[in-house]
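Each chain carries a letter (A, B, C, D and E) given by its place in the written order, and its residues are counted from 1.
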């Protein structure tokens, strides 16, 4: 088991290292991630949402639907904990 | 699990600390537009203040202030606020969560309407996060013992 | 050499992630598995955040014309990329929720078997089947 | 020959399905009503089938497409002479068998009769489906339905050996059909691009000889219902079923469906020319003749009456395959008409076995001494039927054997002729002693329990016996149908 | 109305689940009707969506009114609409079924159970409908959390099984997230269509390659593709009947859907098939799943466990259909998604009904049940025959397509393995069916013996869904031709 796990870890790590070859350096301002979609958020956030904090405007407006989903995740977690842990009189006696 | 520990120092310090913590939490939620912050962060801080109280006093105390039922209602209330705002946009014949349309019912420009929408959403998120944090903590800490058995 | 230095953020996250991954699948103590899970997810978050960074820029809170001169051109090169932060905000929340659920499960398991060592649990199960 | 579009084939299939449904909802509460459904369905079905004969005799075919399931592959019926011959036999015998099985089941007051009659009806409609199907796809669907619907009938007694028998039955039929037949169908579809039956065959020139040979072997292995050795042992195992089941299904419907499918594949998928070019016909013929002899020899050594009949069935089925495999006109006539002949005479024999079991609760031949005096009608019918089996004129079996012999001479396969003669002798060797025992041997054991024939059981078997004799005397009706099959080629 | 249908189908169950908690605190009895109404609505909506797609073609819905790739967008083509209908219909049927099961197994948790159930359905629908890779991740997590919980409230070993599932599932989700990250770092976009436009220039980048690998592995864990299936048997064996029925029939299918999306929408067939041997590998893995699942199914003594292994084999079938990468095979895969959803729902629901009545699901416990609950057992047998692939039941027709697909691709070995595993599954099922109908009863066997067994049929609220599924299996097969020509033929990716 442990050996298998070790093999799996090694393989995954090797894959990741292999992938880094083609990745932009750290903090490279011209990496595709930084030039394709995100500039619009920074440039338009004030005139479109009147919110200087780009993160907030993206979280709650541009990608607000994701945020609703994640709030739902939290809600789910809360309900799940109640569902799983709540004990009741009948099964306390058992 | 968490028994009652009668330590005057801790309790007094907490009494002093908790109000500013909660005030700060509200500030973080409200000021998310202009500074780092927002619903999650503020909600977490708010929840933390309650958790601090639970640690300082004990679970009975905490439940007097925030019962399980209230917790559950709050946690769903927050999400309902969020999705409700979206539904309002739907009713105003825009797409879901398209806050811009809110300027039909509010005397503001589209951009400001969006800002308001963001604020409302953040509040909803904050409520849910706070309530869920507390309820998860209470459930885990007490192994579900404290939950009042609903009829 | 530049290859090593220029991409050190990836090295860090890969190492962290491998540690967590190994703990997740190899450890027999359930809580250790969870700790591994946290390290694993944190590594991913680190990775995402490091994507968004640019050399010598500030956080994405626009200073130009807050309020008065709205339509003043904003130079996106001066600010960080907000999108990864947003994604990770979501991912962190998901992670916390998963962690809470996992802890709840662990409490259930502990109630049932009075232990959190996987092999001991399996042992008790086997003995349970025998009699 | 033109194709007339007609819904009759569909009706012929549907009617007994409806009957099965009605039987199920009627259930044990109103037994007479339930039996009435069976009778009604059988009569209606026979009427529908009979009404389709005349257009066929005029050289037409009836067609009906139910629903197109895959592009170029549809659930489709086409009624031609071969199909109508088979359908006519099966549906007529169903009427008689229904009366018989009502008498049988009630006299033994068997359990789960509702399930029994329902499954019976479903099996019959599936038989019609195979008889009328226009392509291999439809054939396969109904082929499997027969397997599934007869499985409960074989396991009917629910004793451990009944379950074992049913398990073997299912393993052979379902296993071979999924593993070999389905694969063969896929290969055919891949090679020919269609599965419709055509008089010239669809595989001619559609693949290398090796491939076609493989396909043919897969088909022959896949159609285990034809009970060719070595895939025959499900049939004796299925004899644990109640006698009417063995009579109609394992002497007529199921096994004949197997043979029928073999004929369809041989004549309408491969086609005579291809088979003779590949020399597969002759090979099949010799394979069949091996089965004929071997099965007869095994039959000699069986003491259980039904088992002996089962092995005789195995050998007689191979007559039909032999006749088709010789690929000469008269041999084919012999083979195809043997479907009818064997059906009538073999069902008579099984009826007799059942009647003996009902009246005297005897299953073994060694116990039958002197039973002829107590059950004269039954044993007379038995005698007539066995004459037809052996092929003594004027009984029906003579016709088919005559044509088979002619065919073997036409095909210049003298060994086959020898096989036919030898097997006839063997038939005599395992049938006549039974009659002799029944009539001319004194019953050794002293105690004489009261044995009397049950009319509800005895009358049907008289009818079938007489008919099997009549076919021999006036063979023209069936011969014309059979000749129709040949003429179309 | 129809213009907003894509979002309504998500938020109606979602908001209903929020309200459900509050209503539940007030009147517990109202939860069940609320769930039924909600899911009924989502069924209607999904049908109208499919209708719109068939008439007008692909639907684009911009959330928050932001145009992609900046905002999140819903893209609904024939494939989504097809899966949507399956998920919503199955969830609706099983919700009806759940009533008695919940009352029996955990009466005090009704409210929270239904809340989580609605969230689970929402998550699956959200996964199916979205056109944004990260949004898909969020809904994936909603689904996962919900199903962990629902499994954990099951029978004896359930919490442990659920925990293992949680560990495996988190690994899968994290791998998926990594894949998203690598695609983002390579292209800077998260929108599926946009990615589809940007990626072809980058197919030789190692990052994209690794991203693909992580996507496939992550999704394979989620859909329990052999050999990553280890979490499934325990989880589905000990879960409550309702949950195992729902999860078995829909979750694996949605997993397959995500894989198809990734392989043929985000990436092009050119990449997934030609440049990488991914389909080749998937094919072999899947055939391993078929054989392995069949063999282990024979080895089981508990029916629910046996069904879980058969489910693994069925996933193998679907993946084979995708992996042979031609029109026939793909059509077969989608047909099998539909038919297998029905079959698995019917089988697990019937097993749950037996659980409800007799309290156990061991094969021995099925003895002579055809007298006690004839209709349920008839449905079970029909579904079993369909799973084996015997005509005229639905499973036969999809397998027909699958085998033809394998043959068209020249993969004879796959065709043979398909038939072989059908035989294995047949053996597994007839062990049960024999027990149901012909097992010698314990007392003297004289035709009167079994009459003592009183008829004691499953309660109606459970029976109706089971029979609905069985009827679907009986009928749908004959209309597979129509289904293909109406919907499925448009889902086949270009280049096949």
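A few notes on this one:
The working rule: a contact is a pair of C-beta atoms (placed from the backbone, for glycine too) under 8 Å apart; a residue touches a chain by one contact, two chains touch by 3 or more.
Here the structure is a predicted model, which is why all the values come from computation and not from measurement.
Listing every chain that touches subunit B and subunit E alike gives A, C. Contact with subunit B and subunit D alike is made by E.
Using the average of C-alpha coordinates as each chain's centre, D ends up farthest from subunit A. Placing every chain at the mean of its C-alpha atoms, the farthest one from subunit B is found to be D. Judged by contacting C-beta pairs, the busier of the interfaces C-E and B-C is C-E. Centre-to-centre, using mean CA coordinates, subunit A is 26 Å away from subunit E. Computed from the mean C-alpha positions, the centre of subunit C lies at a distance of 71 Å from the centre of subunit D. Separation between the centroids of subunit A and subunit B, computed from CA atoms only, is 21 Å.
Rounded to whole angstrom, the centroid-to-centroid distance between subunit D and subunit E, based on C-alpha atoms, equals 44 Å. Residue numbers of subunit D whose C-beta contacts span two or more other chains: none are found.
Touching of two or more other chains is recorded for residues 34-36, 72, 75-76, 79, 83, 86, 96-97, 99, 136, 139-140, 143-144, 149 of subunit B. Shared contact sites, meaning residues of subunit A that touch two or more other chains, fall at 16, 20, 23, 31, 33-34, 37-38, 41, 46-47, 50, 52-53, 55, 59, 61, 63-67, 69-77, 79-82, 84-86, 88. Here, these are the chain pairs in contact: A-B, A-C, A-E, B-C, B-E, C-E, D-E. The touching residues of subunit A, when paired with subunit B in their complex, are 46-53, 55-57, 59-61, 64-65, 67-68, 71-72, 74-75, 77-79, 81-82, 84-89.
Note for the complex: subunit A touches subunit E at residues 15-16, 18-24, 31-38, 40-41, 61-66, 69-70, 72-73, 75-77, 79-80, 82-84, 86, 88, 90.
Subunit C makes touch with subunit B in their complex at residues 59, 61, 66, 89, 92-93, 100, 103-104, 107, 111. Those residues of subunit E that touch subunit A in the complex are listed here as 14, 18, 21, 63-64, 66, 69-72, 108-109, 112-113, 115-116, 119, 122, 126, 134-135, 138-139, 141-142, 145-146, 148-149, 152-153, 182, 184-190, 198, 205-207, 209-211, 213-214.
Residue ranges on subunit E touching subunit B, taken from their complex, read 4, 7, 11, 14-15, 18-19, 21-22, 25, 28, 61-65, 108, 111.
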